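Down below is the structure, laid out as structure tokens.
Just so it is clear, A, B, C and D label the chains in written order, and each chain counts residues from 1 on its own.
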């Protein structure tokens, strides 16, 4: 049966401690909903923390890797998808997720937020910068829910799915 | 824990009955080994038959779709990866598989066989055309095992992994 | 001899008249520098206006299309590259440009700005929203030059190349 | 005005002297027809030889590179398209060509032949292995013209366009 896939996107090396804590809890909550987690698959930042949370809660973790092989993969990924296409894989992250949570802000993460807006994918922002919210307000898209806790993010996803 | 992923590639609409029977049994055997099946994800031919076999045996099925959404997906796919990149996704099929089984011959399948040869991915041919075997002999690659039954294919994969 | 390729990115249907005017002049100036123009190739918005400007000034225009064929192509494109990979082609736009000018703001354009920041590609913003500038200031990247005229954009590119 | 783009595909390091000679002449003839040449862009084998031929005859050369940057590019490429997506770029080679000539046989080249068959792209085989011709006969596609000289290849392309 087809899984409900929740993409959690966020900074790698530039993640803040808040981002990492949120991502870990978010991963856990995603798994507790019997949803499958999807991340960028690398062993750093939000990707790794969310994967750890989901994995420890018994969830399944998909990692969409930029690389041609499993080099640099998070140890918490169950299903590595080796794309070999670098940042172009960000589009696959978005298209394959039933809903996307952006956890923190970074350049790669923002590219995924923009692609999610463009495709009309359900999107939740967890602890974004205020200026990002303002900037999205300048674009011709509805501003996505801007939430402060992983619990609220999961609640909102349930309403959006 | 990272899954062992076996890619089963084969014709869609052009699959023969033998290809379909082989794919179904292969999917079943892959699941019985606790391997995860990966296919091109569509609801036709070898992709669909292998997914059905694995699914009925309780296995997990990844479908790497050419499309941007789940249109045309096999009902036996658990994890749809929506690439939105058409046949360029064939490369992801190969890179993400720990071993590749080509079940029958078709143009798309042959492109995947070629990419598997090029990356040195463990590769097994199940009931290929004799002329394909001869042609691979013309290239500068070792000719992959050419087997007649799904059982032998699985046995050979076990040795190659 | 390898061409110097300047990527001009900007909104399609959502482009403002200022964006269109800037894009047209920018395309013209790019051609006058003997640079080759690269755009997303479609017959709308900034892509089309920049291509028109470059074409009328005798320049060469590359269009990196999201589609599998030339459907929807700008009539001012000389070299259509049909990627068949949708918005994932945005990464190719950035990687193939020696410098990127973002002309106006849109979701797709912003994804390209983010990918340019990430790869360290020379980047110029032409008439961006103030909130985008503020947001980039929140990220860990140098804020790119934010210019008001195509003339200044070209001058800055010359310094960055 | 949109260029007529002829893709010349063939082995890199594994090219034979005949392949290289054919590719060089083919590149020259393509340029003399005022067609634009498209290759895989690297500085080896058929890609490099065809690019040299076209360049010396004053033609324009597009190189669709597998890499993220210009590393390993043929010195005869005018328009480098940096895809950063490895062999998945083979699909772009095919989609962007108005006609494809496969010059010799190799694994990557054969993947391109298969993608060309699948998309119904005009396709010419120049000096292919006999077993490849036989194998294509096993598939459900018309066997493409199998020619011995670059001159005949160009003549056939003119009829197919």
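List of remarks:
Keep in mind that, in the parts below, a residue touches a chain if its C-beta (ideal position, glycine included) is under 8 Å from a C-beta of that chain, and two chains touch if they have at least 3 such contacts.
Please read these numbers as outputs of a predicted model, since none were measured by experiment.
On a Cα centroid basis, the chain most remote from chain B in this structure is C. Between B-C and C-D, more C-beta contact pairs are found at C-D. Chain B and chain C have Cα centroids lying 40 Å from one another. Centre-to-centre separation of chain C and chain D, using mean CA positions: 29 Å.
Shared contact sites, meaning residues of chain A that touch two or more other chains, fall at 68, 83-88, 91-92, 119. Those residues of chain C whose C-beta lies close enough to touch chain A in the complex are 14, 85-92, 105-108, 110-111, 114-115, 117-119, 129, 131-132, 134-135, 137-141.
Residue ranges on chain C touching chain B, taken from their complex, read 68, 83-88.
Listing the residues of chain B that touch chain A in their complex gives 1-3, 5, 36, 62, 64, 68-70, 73, 77-85, 91-92, 95-96, 119.
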